[in-house]
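Two complexes follow with subunit A in common, the first pairing it with subunit B and the second with subunit C.
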Partner chain A sequence: MRPSQSARQSVPRADVVVIGAGLAGLSCAAELAEAGASVFVAAKGLATTHWTHGGLDVAAPAAARTSRDGIARLARTDGHPYSRLARDADAAVSRHLVRVGAAGLDHAGSLATALAPFPTAIGALRRAAIVPLAQAAALEPWRVTGLVLVGIRGFPDAWPEYAARNLENAAWPDGPSGIRAVEVAVPGVERLRNVGSQDLARLFDDPAWRGRALAAIAAALPPGDWRVGMPAVLGVEHHAAAHADAEAAFGRRVFEVPSLPPSVPGMRLFDALRRRILASAGRVQIGFDVVSVEREGRHVIAIHTEAASRTLRLAANAFVLATGGIAGAGIRALPDGGLVERVFGLPVVGPEQASWFSDDPLMPHPLEAAGIEVDEQLAPAGLENVRVIGSALAGMRYLDERCGDGVALASAHRAARSLGAPRAVAA
Partner chain B sequence: MTFHDAAAREFPPYSTDACVKCNVCTTVCPVARVTDAFPGPKYVGPQAERFRGPDVGDASPDRTVDLCSGCGICTRACPHGVLIAETNNRARAAIVADRGSSFRNRLISDTDLMIRAGTPLAPLANFGLQNRMARWMGEKVLGVHRRGPLAKFSRTTFGSWWRRRGGLTALPSDAEPSKTIVYFHGCAVNGFEPDLGRDAVAILERNGFTVVVPRQECCGLPFISNGLYETARRKAGRNLSSLAAFARAGSRIVGTSTSCTHALKAEYREMLDLSDADATAVADATWDICELLVDLHDRGQLDVGFAPIVEPLPYHPPCQLKSHGIGTPAMDLFGLVPGLRAIDSDHDCCGAAGTYGLKVERWQIAQDVGAPLFAKVRASGAARAACDSETCRWQIESSTGVPTVHPITILAESYRRADAAREEPWRRIV
Partner chain C sequence: MSARAEVDVVVVGGGATGAGALRDLAMRGLRALLVERGDFTSGTSGRYHGLLHSGARYVESDPVSARHCAEENAVLRHIAPATIEPTGGYFVATPDDPDDYLDRFPAACVAAGIEVESMPLDDLFRAEPLLSREIRAAYRVPDASLEPWELVDANLASAREYGADAWRYHEVIGFERSSGGAVVAVRVRDLHGGDQRTVACRAVVSAAGAWAGKVAALAGAQLEMRPGKGSMLILNRRLTTAVVNRLAPPGDGDILVPVHTVCILGTTDITVPDPDDVHVTRDEVEALLADGERLVPGISGARVLRAYAGSRPLYDAGELDRTAGHDESREISRAHHVIDHGDRDGVDGMWSIVGGKLTTYRLMARDVVDAVAAALGVDAPCRTADEPLPAPATGTPYWLGDRLAAHEAEGGGNAELVCECELVTRRRLEHALDERGDSTLDDLRRTTRLGMGPCQGAFCTPRAAALIDARRPGAANAPMRGFLAERYRGTRPIAWGDQLAELWLTAGIYRGTLAVHALRDAALAVGEAERAAS
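Right after this comes the complex of A and B.
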């Protein structure tokens, strides 16, 4: 940051400034804004919504049967965020599903739904229970139904053949009766030079093109009792219609298989939450990197975000830190083994540097558990009007435990309540 | 701040090391959204940058970087702080330095020259700009699209109005620098929209400032956007030597074009490597006019005697404003005008991107980028729209038929109505 002069422009004071625009930050901001608080979301950039599968990983440690069971197991782990947040998960998840449903993004499943294998883009299986409606057919009982994975010629980020072979060799109890792959030429796409999932999704938003493409795919499907796995490109703005049209055109159940980043289901989730915040008069600003903090003792008065030649001062009564963990760049590892939290400089607990390196690059990294320790209200030590939510919290191994989204929502809900959201809801 | 951040701020392409190839930038790029010819910010930015270098000249692996419109949305969306748009702009400049530039690009960048040539002949020049035959010729000979949004020349420049008015061009000896504003009018106000400049001066004076308009020329941004860094540096150098003394004395430099003010604040440093004491002093002293007015309001120093303007007003925050990192101060100001129902367009880019939308080979891309915005503006049924940046205003206006003004025009009108109501109280009931 360049030295700035004393004069600084500010925007109208907000009740709460939320720092970070991932699932945790956006859902906390939405809950506060819906309750009548004035909310300003300031994020350095777009976040993990755009990288992940768009479903909700609430809790799926190895032995868990349902998400609720998973939460209970993780809550018994010393220092795990769920040891504090378990009781918030129910309300948080159901509020979230209602919220994004109202923005046109319906889901299937609940905390009581049995965790079931969901096929990934490379043909591995991950356990899931709460998914967007367009992914739900993958979790329904298969019995005698087969799975046909569809690829689109010219689209380099889905490999149905490869995924199908891997799935044939995977242990998929009660899985499909057979697995096939087809690759289909859809109108115009083969001629394109640059085809990302977001490009295809925008094509699928167009009803005329969609009709032709779905007809081409339908013609390539084998006869019989199949369910169709499509790359997750069935529209962004008109996704529900695109999914319904696909099921109608194929005469079969259709589910989306999330692809490599960028994630179209994640883009839809981001859009839905952002729309909810804007509809409640909240503001969302992307590209606002926090560079300094004004505090008076234990109280944060304002944050300053980087601007073209001076910082922008954002004053508020309370601040929510939703900047993510090591993967979301909310926490940084230094060459000397130190770990720093980027906004407030909060102390980070995490593994010793000696454990950062291993011979197995595919193992979950121990630094994912690094994070901030907080009290019951999710306030970090030393700062009374700050709440820490999402994967900035210490103590979870979200890749193994598949709990990142549930912790994000539960902590967002707890933080919103502790900052006064329920009072305003009642009013 | 780490060493890496510091280094990247000195030389933006260093920041590309932080790219994790997540493609977030590709999802938000308005150009990649509408044309398959542009592979997107990740490919032409952090990917291609690995093959570029100071000794490689224009051996850029992919010249499609020239399709980047420079809107800067990718930089703001990047979760890892990669200065993508800035890197792309430098890559284009390296290509231009090696291979040269077209006559067309030099011509449409040179707004100072256009105004010198066009103003004395305003009626004739404007006839040419409106004439279909002349525009057709312009497209065939020059490569300026026949429907590219061009403003009409004013018959007098803002500069000549200021001289006739006897306006200050230097700090008077008794001036209090902190109460003195240096107005950077930019080419648009000077040659095409002098009324906006007069409104800006009226608003600044009403709020207690003495306004000075020193010698200035085009900020150089059109040259920067077209990769013509050497010409841009010459213009920047002359502006800096004219403006730096005011900045050092403690006066603020205020502009009505978010593009010019962003050039003074950021692009001189990020693109042109101008980071000496003059450039830093000017960057720190430069304010967008709405940014300044909101700051005054925060301090309780803004005259808030705004008279009602009862109308819906679609407002488009331009990309250059977003790059200031100051939010949307015009929206906050609109909130002070009773009856004004400002609606944020919530659309990324109008497509114009300075001179981009004028070029015959880019015009359709620019139209497609802005299409959802144009539809929103038309659907609003509003009598006019607002936007802080001139080429965006012209693009919105020419593509929608809805007159599009600077937020300052609205605020000045509201102040004038308040004055009129004071003088003629019967007007209040109208």
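Right after this comes the complex of A and C.
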């Protein structure tokens, strides 16, 4: 059924329309655009990039030594996305790191890097290997170096004393020689109302303010061999300069400790990918919710999105579904236990409602593995020119296995190749 | 070691009735102490739908209770106006509700002393546009929304002004009795410190509600309670401005109460063996929403923040009949009853107050204190209906605007917000911790509304935990886990749609970014170090 032509606009037909602007959708769009395809990214809203820590969780199931080892372990799990995508992971991750590096967001680590404990904002340890440079110093060998955690007065989401106390009790092999906490009054912050991570990050973008703030923090640091854990607010746009300035002002290695959303490291990742897409003549539109789909048999012809009181028809040769899982609202759970994929109405596989949850909120829930089943080309049943990527895929427990970013990149890469993106030259 | 204290009367139970009894005893010049095994208002009083009854709910089924509610409604508006939001209420007849009930309703209200006014449907739908257009009749009654935490706090504050004391987290573990069988002391355990204390007394008032049977048993008395679990849903906004009731005999999803920024859909009624069993089942959620559809079509698609349940203090009327020689068991089934365990069980000096509604807490307190005072030879009259309760510090607690104004006043809005949903500032929490240094996060919630908004504690939990850790180094992780578990208990039965997405994003914060599950506490670390050393 085709909606009437009135009250709606058409944009020029694209080669590929990507629905969703998380890590999976943006990296798939970037790869296609870099290869010369015309790409339009339409997303209902910002994705979970803005909620997460900004590091790259490729694969860190229990007992894995490296991300590559983790991928191999997960690939042996029946129905896990890596059982299909493992061979794409190497190329996908290295291309991604080159791509965002070209947009000024450099990373440390690779699939071969040993997974190491990363101190969290509350003072627990989680395992990481590939992180943006601003987080890299946390994973370097500590030897005789101590860790000083910094809080900024008025900023509610850094808890350096609490974190330090917890880290002292943590089982941190070869960790810091000592842990301390300081809270610093930074000039200008007291004028803000309810200081959030974004507000501070924008202040840190300003070189003059940054200089004053870093001087105030430097004055509060203890003398000696310390590495400095800062709230993850060292600039959004000029983050590389802000991090370099911090290390220069403190005379010490500095790393950021991600905390509650909104995630500034996630914003940098989003910005870097978007810049790469725009540089390759792709388009990215946020606030474009898909309201209907035009189909002809096993082909999707166009989608209709609604934004700013008009309906837009987006026609393309192929469509990539990167709307995320339940957290990203690509899959919606109904009160009666039904699971619905929101754009194409694809069938969702998942556990029976009675066993959706575990009793402990901090343990994995069976429902986390719900998602869409696809074939080798990542096409869902019944739709030939659609590819499903990222957290919408069935079979993973991304929090427990710490594999969501790797699956996003590997599936994006597989989808881009299957839709005809040639082997793009690395930027 | 067991410290010893001495008072005239020990009150067991820190809900509305216990706090009201403590105040009444103190105002009559008796030395009184209240003990509560949890936080104040953490039992049934803190787990109800927030309704100040007009009495109209019970005009047919329970005329005694209806009259009590009508009288106490007026009394509470006089003594505790700040705890009441005068929303007004409607009784509305849907096509499913019986004609004969509708016909009898207005006269029954008048007979019970309840102001009732027929409401033209045009006016009703103008005032409450989301109500079902199938509603065929409506009456206006003086229902209202009542804030239980403030009410209990005000009673305790007043009681303290009159020289009484109240201990929370003190559980009754036994009673000492004289050779003649009279209760002469209460043994309690401090659940935080672990110490046991003995409080000598001349009388005991058990206001333990649904737990009264357990307390009576400790004294060797018998009291068969029939706890009725009532489950409710919190919807993320006010769907109506006034309380809305079905014009029918009490059923499941038959009442909607606007409370603070949300509204509450209630209430199921299931007899449970254990009053501590307050988990909400999926079936109850479905039943509530299905019935709620009759009042507000589409309510099933609204965002549900949380499900919770309380235990009604219902007692076995048949047994009372037998032992107290009462012959109106049906009529008194929801009204309260004072039980003299001296008469009944040979346990002199002990009274239980059972049944009743939160709306009638003061009357219940008066009746039991009348009995105690007479036995102790005190003839001072009850004055709790006349003397207003102390007013809360911030004008009208139910109105978020007051908290916003206070927030703006603190450093021109520059005060750190710990809980954005409910506008709880760092200073407010610091103040609460100053007053009660051993507070858990759930205690702070009851005091400040921390974590009661749409995100259900996702953001404020670690912030508040850090404040606790600063005061009690190393003691914050357990309360944080406990709070997360408690918030999850209420989210899980309604986890679908937006609220499930919220739960998943929250899991991403706690398990993904913060790795709270991997936190190690000092005790664990010390234990491992000791094992390694040995």
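The rule is simple: the second predicted complex is superposed on the first by the 407 of 427 C-alpha atoms of A that agree within 3 Å, B and C clash if a C-alpha of one lies under 4 Å from a C-alpha of the other, contacts with A are read in each partner's own complex, and residues count from 1 in each chain.
In the analysis below, a residue touches a chain if its C-beta (ideal position, glycine included) is under 8 Å from a C-beta of that chain, and two chains touch if they have at least 3 such contacts.
Small disclaimer: the values here were computed from a predicted structure and weren't measured.
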Inquiry  = Per the contact definition in the header, classify A:162: touching subunit B only (first), subunit C only (second), both, or neither.
reply    = second
Query = Which partner does A:193 contact after superposing on A: first (subunit B), second (subunit C), both, neither?
reply = both
Ask   = Which partner does A:332 contact after superposing on A: first (subunit B), second (subunit C), both, neither?
value = both
Task = Examine A:215 and indicate which partner it touches, taking first as subunit B and second as subunit C; both and neither are also allowed.
result = neither
Task = For A:279, decide between first (touching subunit B), second (touching subunit C), both and neither.
result = neither
Query = Does subunit B (first) or subunit C (second) touch A:399, or do both, or does neither?
reply = second
Task = Considering only the touch criterion stated at the top, classify A:112 as touching first (subunit B), second (subunit C), both, or neither.
result = neither
Query = Now for A:362: first (subunit B), second (subunit C), both, or neither, which partner does it touch?
reply = second
Request  = Report, in rising order, the residues of subunit A that make contact with subunit B in one complex and with subunit C in the other.
outcome  = 51, 192-194, 261, 328-329, 332, 334
Query = Can you list the subunit B residues touching subunit A in their complex?
reply = 1-2, 9, 22-24, 26-28, 32-33, 36-40, 43, 75-81, 252, 262, 265-266, 280, 283-287, 291-292, 294-295, 298, 322-327, 329, 332, 346
Query = What part of subunit A is in contact with subunit B in the complex they form?
reply = 1-5, 7-12, 44-47, 50-51, 192-194, 196, 198-199, 202, 261-262, 267, 278, 283, 285-289, 291, 305-310, 312, 328-329, 332, 334
Key: Of all residues in subunit C, those that touch subunit A in their complex   = 282, 285-286, 289, 300, 412-414, 416-418, 420, 426, 459, 462-463, 465-466, 469-470, 473-474, 476-477, 481, 484-485, 487-488, 492, 495-497, 500-501, 504-505, 507-522, 524-525, 528
Ask   = Which residues, counting only subunit A, touch subunit C once they are in their complex?
value = 48, 51-53, 57, 120-126, 154, 156-157, 159, 161-162, 165-166, 168-171, 190-195, 258-261, 263, 325-329, 332-335, 353, 356-357, 360-363, 365, 368, 399-400, 402
